[in-house]
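What follows is a pair of complexes built around chain A, which joins chain B in one and chain C in the other.
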Partner chain A sequence: MRIRVLGNLAVLCATVALSYGMQVTKPHYADLTAPIPIDGAMNDTVRARSFAVRLDKVIFARQLKASQFGQEKLLTTSGLWVVATTSLTATGASTAVADGTWQGPTGLRYHQTERLGYRQDMPPHGVDPGLDKRGLFVFEVPSDQIRGARLLIAARQFGPLDAQARISLDALPTGADGQPSDILPEFDLDAAPGQTSQGQTPQGKT
Partner chain B sequence: MFKTARSKIQTWITAGAGTIAALFVAGVMGAFGALPAHGPPQLPPDAVIDAGRWRLQPVRAYVSHAGVHGVPLKPGQKALVLEVDMTNRTAQSDKGYFNVFTPDGIVLPDSSPMIVLTRDSTMTPELHPGMTERMAYVWPLAGDNAVPANLAFGVTAEIFKPRDNLHGTPGWYNPYRLGTVTLPVTDLPATGQPAIGQPGSGS
Partner chain C sequence: MSAVSTEPAVDPQAERKWRRGGLLALAILLPLTLAETSYDSVREWLHGEDLIARDVEFGQSVPFGGSGWKLADLRGGKAGRLPDHAFAVIATFTVTIGDPDLRKQWLGCKLMLTDAAGRRWLPDFISGVSLPEGAMNCAQAIFSGARKGDVITVGDTFIVPEDAVKTIRPAVGLGSERPWYLRFQRPPK
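Coming up: the complex of A and B.
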């Protein structure tokens, strides 16, 4: 009799423990429906579901020059401007690539800047299969969020279960203090793409 | 006879236990509800305010009679402007700052302000984690609207829920009045052009 009671108690305890464990370890709904990352490195072509992306160049600048509605604008920031030049193409059908996020080493997510307004070379990038297109993603990040960062590129900002290219930026040259080794004092978005790096004198880290 | 009476009482108590408990709880809750409600606390104007996803440091408040920070005003309008240093305390870029400040005791033609980054007059940009920016809340007012010399701004904060009740996603919900911050309001006359409205009505 007593053994049977003890046995029942043991079964009850085991059931409670198992149920609690299952409840605690249940994946978050937000994680279950999160975008599916596809990892890659700089200068590699990362193939997501509807597009392929290759990160060609990352430029750091303290100020950004851009013309907006025919007016020159000089944009300042409390951190650094990051201009990521990518080469984009669609895989199956013409589509748009609209979302870029700079993910810092600790997981902080810096969404692409909204201070530039609409521009031809800014997201959303319309892409077509078989045609390479140069597309820029511009971010504003603090200088301690550069080393160990990753660039996340997706077709849409909230794309549950869609692919997200996750490009690690370990190849970026950084100094001992984690700052990028080349920071331009000013970068002109409207200068011709080939001339920008030669036309400006890089300024060492300050 | 006593035996039946006792068992009757026992039956009454057993059957009415739930009702008694409900009456008790309702009474206690009513008593607490009748207590005088606490108003939202006064927040010091020169200290940093932690309001949910934002860290706020009010800088100054003023009435402008001309367009300010690139926000155009209609003829005969003036604008109540609150400049504040805002820091995003969350882990991702966010622009959920539209309801953080509300001026108390002023009739507003439109309760939703225009919010501008003072750096380059960008309207309602996303603010990035840990990057403090000075933002200007601009409420257009009728030109004859009187603004007190010391104006109370209500500060609204939200709470973080790791799982919301509908979708189970993390987010900021349940806005509540965190407190009130009172700032002196100066009156800036329009510079270089005739003042529109009644100069001096602000202070």
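Coming up: the complex of A and C.
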């Protein structure tokens, strides 16, 4: 009789412990339905579900120059401007690639800037199958979020269980302090592609 | 003093029968619940996707979304400012209006091009390329005020890669007809 009571108590304790363990380790709903990452490196074509992306070039700058409605704007930041140039294409059907996120080495995420307003070379990028399209993603990030960062590209900002290209930026040359080796004082977004101000060489594909 | 049980004696046979009945009910009710809860989502998904093609011969007019659709023309070439290895394509349809409530029948109207590999292209704006005189795109047609019996030309411009040009076929999808869509044979050369 006593053994049976002890046995029942042991089963009860084990059930409580198991239930508590399951409760504290239960993933958040947002994590359960989070986008599915597809890893790749710079200059590799990363194939997501509805699009493929290749990160061609990353430029760092202290200031960003852009013209909007005929007026020139000079955008400053206490961190760094990151201009990521990508080549995008749709896999099966015409679609749009709208979401870019800079994920720092500690997991901090910086969504693409909204300070530039609407521009044709900014997201959302309309893409078609079989046709490569150049698309920019611009971020404003603290300078200590460069080394070990990753670029996340997805079709939509909230795409449950959709694919997300996760591009490792290990190839970016950084100094001992973790800052990029080449930082332009100013970058003109309206300069012809491939040209950078101050005559400096951008990092990445040459 | 002796205790007297007031509970009726349990028939082990009857209990087993109930248990089996419960398990059987579970096997039926679980799939039914799943079907019931997912019905709306599945229905919405089916009505939002162009999944099943209805092939249409060139020159044939078929009823679709309350109107008669016929491929009028499909032409392509290097025009406007296009990327390398890309072609501009214009597809136009002759549509005889049947049900004039186009806002309901043509909701989510989509003109597309498909190729042999199953890829799909949606309309694109091409600088320097415009639709033929009198032709309009889907959205313009919906708000054109077309009446029953009117014959209108609906079309759009597309950018397709060179390797798809030889096998592209125009297609039409309408909200009221999905998951079915029309896929037209190309005009003979």
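The rule is simple: the second predicted complex is superposed on the first by the 196 of 206 C-alpha atoms of A that agree within 3 Å, B and C clash if a C-alpha of one lies under 4 Å from a C-alpha of the other, contacts with A are read in each partner's own complex, and residues count from 1 in each chain.
What we mean here is this: a contact is a pair of C-beta atoms (placed from the backbone, for glycine too) under 8 Å apart; a residue touches a chain by one contact, two chains touch by 3 or more.
Worth saying up front: this structure is predicted, and the values here are computed from it rather than measured.
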Could you look at A:Ala93 and tell me whether it touches chain B, chain C, both or neither (first, second, both, neither)?
-> second
For A:Lys73, select first, second, both or neither according to whether it touches chain B, chain C, the two together, or no partner.
-> first
Partner chain(s) touched by A:Ile146 [first = chain B, second = chain C, both, neither] | neither
With the two complexes superposed on chain A, say which partner A:His111 touches: chain B (first), chain C (second), both, or neither.
-> first
Touching A:Ala61, do we find chain B (first), chain C (second), both, or neither?
-> neither
Among the partners chain B and chain C, which is in contact with a greater number of residues of chain A?
-> B
Overlap the chain B and chain C contact sets on chain A and report the shared residues.
-> none
Once bound in the complex, which stretches of chain C touch chain A?
-> 83, 86, 118-122, 124, 159-161, 163-164
Once bound in the complex, which stretches of chain A touch chain B?
-> 28-30, 73, 75-79, 107-111, 113-115, 140-142
Which bits of chain A are touching chain C when the two form their complex?
-> 92-94, 126, 128-133
Chain B residues touching chain A - in the complex, by the definition given at the top | 91-93, 117, 119-120, 122, 125-126, 128-133, 162-163, 167-170
